[in-house]
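One chain, subunit A, appears in both complexes that follow, with subunit B as partner in the first and subunit C in the second.
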Partner chain A sequence: MTKAPRTGERDPARGHGDTDERPLASDIARVLGDPRTWGSGVSKEGQPGDGGTFGETVADNLKLTQGSRVAVIGGGPAGSLFSFFLLKTLALIDTEVTVDIYEPRHFDHCGPAGCNHCGGIVSESLVQILATEGILLPAEVVQRGIDSYVVHMDVGSVRIDTPLHEKRIAAVYRGNGPRTSERITTEGFDRYLLDLAVSNGATVQHKLVTDVKWPEGRPRVVCGDGAEATYDLLVVASGVNSQVMHIIEELGLGYKTPSAVTTFIAEFHMGQRLIQQHLGTSMHVFLLDIPRLKFAALIPKGDFITMCMLGDNIDEQLVNTFLNAPEVRRCFPSATVPTNCCHCFPRINVRKARKPFANRLVLIGDSGVSRLYKDGIGAAYRTSKAAAMTAALHGISEEAFAHQYWPACRAIDRDNMIGRLIFGVCHLIQKLRFSRRAVRRMTFLEQTTPSSRRLMSSVLWDVFTGSAPYREVLVRTLHPAFIGGLAWNLIAGNAPNARVREDKTMVS
Partner chain B sequence: METDEKRRSEPALTGEFRLEIIQPEQLDKLPPCRAGCPSGTNIRDWIAIIAQHDRIGLSKEEAYARAWSRIVECNPFPATMGRICPHPCEADCNRKDKDGAIAVNALERFIGDWAIQQGLSLPVLEADAKPESVGVIGAGPAGLSFAYQMQRRGYAVTVYDRHPAPGGMLRYGIPDFRLPRHVLEAEVDRIVDLGVRLEMDARIGMDLPFSELRARHEVLFVGLGAQAGKDLGLAGESGVDTWTATEFLRRHNSGEDIPIGTEVVVVGGGNTAIDVARVARRKQANVTILYRRTRAEMPAIDIEIDEALKEGVRIEYLASPIAFIRTDSGDLTGIQVQRMRLGEPDASGRPRPVPIEGAISTVLASTVVNAISQEPDWSALEELHRGDGWLRAADQQDGAISAGGDITGLDIASHAIAQGRAAAERMHARLRGLPEPQPAPNGTAIDGEHIETDFYPESFRVAMPEVEVETRLSDPHLEVSATISEDEFLNETKRCLSCGSCFGCQHCWMYCNAQGFVRLESPAPGRYFVLSLDACEGCGKCIDVCPCGYLGTLSAQPRL
Partner chain C sequence: MTDVLGKTYRPGEIIVRQGDLGDCMYVIQDGDVEVLKEENGVQTVVDTMHTGDIFGEMAIIEHTVRSSTVRASSPARIMTVDKKTFIRRVQEDPSLALTVLKVMSQRVRKLDLEVATLKQELGRETTSAEPSTGRRIHGD
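Up next is the complex of A and B:
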């Protein structure tokens, strides 16, 4: 799949150097965008230094040009989407580069060996965005279309239907299903995206990157089998569940790994029929007052149920406490949670990495900045596209990434600050029984009254799915109608006679 | 994890959920190559020294020398066995269904040749001289293996053999186009260099009575081999134009000229039959092998059969000789052949050949070589003969006599070498009052179920270069195959999957969320990480991503 350099051009293994080049990709972008450079062809701005070889300037050198070599560590959504966007964009300006995606795992293996450790929820808005990019998620990648949420609290459960058609969500497997599942029954999401990158010209190197060196200002990738290769650009999309980001940190290029917390994911086998009977096509969310627990959900997927948990210092004890809670057990046949067939404690990014870029280096997806708790795939999409556009059109210098890529990351990070506030409030609701009653009552009435404005429902939906920016969610909660509605439900939901009446009608 | 362990062992309350955790265990498993090697060589581990040499801080040459030392612990003939062994070690290689089994035979040959070129000496185990004198009857692979293992432990060993030169069947049974004499001699000389005395042309029981031998040595090893060919038992069988295969090959390999005429018929389907046929082809004769079953049942190694066919040997399957056809003057003109069909399985499990009534034909023959089977030549050694044709290894007289090799039952040279070594280890333990030596591991080898072959990049098995058929036939002594190049050798070692032994791929270290694996500063094959179960979160991911099956679930696993 690797495209060969054109005849008469320089050695692709070096990927840089000669001066008798065709116009460079970023030159094209700059020339078209900046009239001052018209007529002068290639501009010579920039200083000699890091990354430049003798007689070249940084600006000449820190660009992807015909025959450049790009290494992408990690073949998850971020790495695959980056490769896809980069190759597609460069193809438009007739620049052929080599893109090697280093991904040792095979996504057609079931269990952890082929998995990328996440709940596997893709919001319909992201599905639509991907469709506009020409990425049409095939039906076989989607395990089950989810059309509703059921929120379980000690004060009762309430069902929230999809507020709008485009707010539907899809459940996908990141690998090829849990440990005990049959192989190759469905196509995994990550495999689909990786194949897409390959069909656009990327090459998958099924090798584990065990070290990264930086000789003469250029990234050099070292693999487990001892093989080494030098590249013009290194893209790290390894996530936070491998050692790669620590290796990058130790290079001393200014990158500092993001803060991460432990989550929990497990799979339970139940079979489609029982799942349909007990969970339906709903994602089940639990707001329970269990110490250290922030959020937990059960997601139906084919023959399995995926369970995701967020909290502080999640450990085996917290998992057992949660799964033995009556609200959870009720979701399973005979109120018995089956033995987990696959589980892990993956880490997720909760605070952005410091300076996820340098000359010839960019970190995307979870290795850089992600959305708080939710929509990691959406964040992978945004950061990978921003990084690919920067590399294709503006160069691969630290400066280019700082000006073109970092703003996209910063926007996510700022939204996360608001997200932290919202999750703080959610946590408070979880802790306070009277507030749980109010939320439940308000949501229930919205769901059962066709003409009502779905204020609380849409807020909860977006908080759970991550399908809207947290800022937007916050703005909606500041709406007088929302505040008024909540205040009324706080009173009405906690009045003694109202509670009795509701308990009779709000059984879900 | 102590609390987890405790909780796991307590029965759960009805319906109560307990997270099922899976913890890893670092445990070396028996690889199929070692399980399949009769001489018990730890093939995976010597390959690992070379394949991983840069990771364990060894130069190439240091790695070669160390690997060779590992091989000669069990087998002092790597260059020889690298040429002639039917390599059962490759049969169950977990790579065979991916892109071809590791070419262990070719690797062994390379390292053996390298050691000969370097003039490496066999390693001495115990320098102090032992008082007991050791006698060995037979300078074949079993006898020389025994002699080597005793001499390197400090015993004074004398080997007696009726032939003029040492090597036994390796010299007198195998043609030089498969095993050049200089290779065999170099490896035998190394054993002699340790101090082993050779008394050649010594016919025990005739020139030298067995009783005298017993008086000379405290310990005896009988590695007489099976040098006597069996007769077909057909009328007209005796004559200057009929041979047993062992005698035919002995004469040929001693440099004697054998007039064979133009039409040679070889009877039998084993490796000896193939060797005879190929020798006869090099004498420009037309050669037909008669075998009473089909190719599927032929005991000869596939590759040897293929080579013979390439060289123009004809094989008539389902054909059994019933009479020699001679002229009135006694000259052989042909052999009458009964055509067979396959019937019900016999005691060996192979289908029994059944004659087809009336289906008799004639095959032209100027010479017939009978390669149906062979047995020990007991002449003058009747006191060792127990009546059933073979000497059993356990038939030891007061523990001072042991036996090994073909005299205990026909088998491949690797098996004879293993028996010689095992006998020496037992004898040494007996003489020194040491505990009985541990038998070679013979448990179930780790199978493909536990190996993630997808994790290994595709890389096809190396093939030993071969000489063109025309050249072979015109230069009868020319070795048919050549040793692989050093690059091919290094690449082939890297193909090894390292079944059941850590090779430092780092997947476990890379993906453990709990950082339970810590890299060792001075790693060695099989030892790259320290595992901390205190940190373990019990997800079992490391076990799933371990491609070689070294990490298993913490519980009972077959131990080495």
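Up next is the complex of A and C:
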């Protein structure tokens, strides 16, 4: 879905905000690892970065109390879930606050105007946890329940089923479907979460925030229509495709925007019946040796297929090369990819923000820390809940966020380091044909032999679904049984006669 | 149906069986289920549950066998929540355990009420049958 330019939207020509004056890597590691070294900074207007009103420097004073006012910029998953958990937790301790969610988008619009540009996979772990929280995704929100993954490689395809044969992954629209969709029964995921926040007491201000000021140590939100309001706490959940992060950075409170890279999303209309026939209830991922391509997937939803591509400097040429690959074309009727009806080049968070909090300020979801390449909505849930619990129970001071909120961000970030290693290995597999053969053979045998242990299958499942921490995936690949199995399949899968036999028996 | 989550059960289909070892709990996405207790080969319906309710949570908290059988009493869509997923998340966010604690406390409250009602009924029966030996309500 093409993103409409808006006032207050970030100018892409400005880069990603953390390119100049790079400190040494060791300094970065030390500083980012220990929030005590971050300091508070001084605001652009010269107010003390501790953010309290003058004289209000004691963290104890920085608490949400009866009648406090909270502004949330962005009504995507992070903003809505934050508001939901904050209001729910404060209600438990009989504290009533005002929560204003600033969100200019109307999520019930089709196409770019109502969409937050994403693949729309709600991961297996998040679906389970949301259900435990009492958030059951209704049929109008779930465009397709996913129960399997099909990995496509040049050496063939292999399907990985859930052991329970249960649909625990949800394919959703973030808005109300692509540009040409007309299904009025459809409800977008973001709209559903926003309604949830509203039903718990939040108010939606359908306004674009164009500036944030910090007079007398309190956040003041300025909107496109000129309206201004002062709050006790400012929560920034504006994602990585917004100018707001840069406005916050310029306040000088120590925050530095996360790094992000450009991705590509397109929607294809195919109709329910053909989608069921060709893609079924599986997500289709591609491990293809195409230069600059990191990861690509086709996600079946309702009448449409969403295509997502991650890679280096994604451009039209890379998109066309991918769409012309026989492994991709095979997924469409008559091996012909239809013209897309909606496309966009959104950015994805690939490296965390620096110090996403200060007194009376917290940045959550993509504006703060997210999971590398996978389960961004899951990360938005984790950071928004951690921030909400901190604000409700521990206070809104920098100290409270450093001790209670930051550990959740740090856990995601540390796991991302291992994620980088794992995606490096995936990239290597993409490049080396003999390794692709081994991966495919091992997975195929595990999937078709009921008694066999699901070693490779579970690793691939967790990498593609983003359901388990990357650390856990790594530990599983270090298990002697996994290493032994892979070694055996490297030999068996690449023996000349084995190759002929496999090509005849392995179903694509 | 492709646009739904969980696994669909027909009315009468067993979801968990008393005595089986469990490593997950369940959330009812849609529909109704009944909880059955089997004692000396006799099955008694002890509870009914509906959309949004959680069951099987004891298996998540202690390594033990299922204490009752649960079967669908209408077409029901049920989602399993893995022990590992739940525990991993509780470690990061202990407040999630509150949701399970809430389920358990509601269950204890309901059981208390049922025990009290049963005792009252038993008391009435005993009183009308043997007016002078009311203390036998403890029933042995």
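We take it that the second predicted complex is superposed on the first by the 442 of 508 C-alpha atoms of A that agree within 3 Å, B and C clash if a C-alpha of one lies under 4 Å from a C-alpha of the other, contacts with A are read in each partner's own complex, and residues count from 1 in each chain.
Heads up, the rule we're going with is that a residue touches a chain if its C-beta (ideal position, glycine included) is under 8 Å from a C-beta of that chain, and two chains touch if they have at least 3 such contacts.
These numbers come from a predicted model, not from an experiment.
By the touch criterion stated above, A:134 is placed in contact with subunit C alone, subunit B being left untouched. Contacts of A:411 after superposition on the shared chain: subunit C is touched, whereas subunit B is not. In the overlay built on the shared chain, the residue A:170 is in contact with subunit C alone; subunit B does not reach it.
Within the superposed three-chain model, A:386 lies in touch with subunit C and out of touch with subunit B [touch as defined at top]. By the touch criterion stated above, A:226 is placed in contact with subunit B alone, subunit C being left untouched.
Of the two partner chains, subunit C is the only one touched by A:125; subunit B is not. Contacts of A:276 after superposition on the shared chain: subunit C is touched, whereas subunit B is not. The residues of subunit B lying in touch with subunit A in their complex are 4, 15-21, 54-55, 452, 454-455, 457, 494, 504-507, 509-511, 513-514, 537-541, 544-545.
Against subunit A, in their complex, subunit C makes its touches with residues 1-7, 27, 29, 51-52, 54, 79-82, 85-86, 88-89, 92-93, 95-96, 99-100.
Residues 104-106, 109, 111-113, 179, 206-208, 210, 224-226, 241-244, 262, 266, 316, 319-320, 323-324, 329, 334-337, 339-340, 343-347 of subunit A touch subunit B in their complex. Of all residues in subunit A, those touching subunit C in their complex are 89, 124-125, 127-129, 131-134, 136-137, 139, 142-145, 164-168, 170, 272, 276, 281, 302, 382, 385-386, 389, 408, 411, 467, 469.
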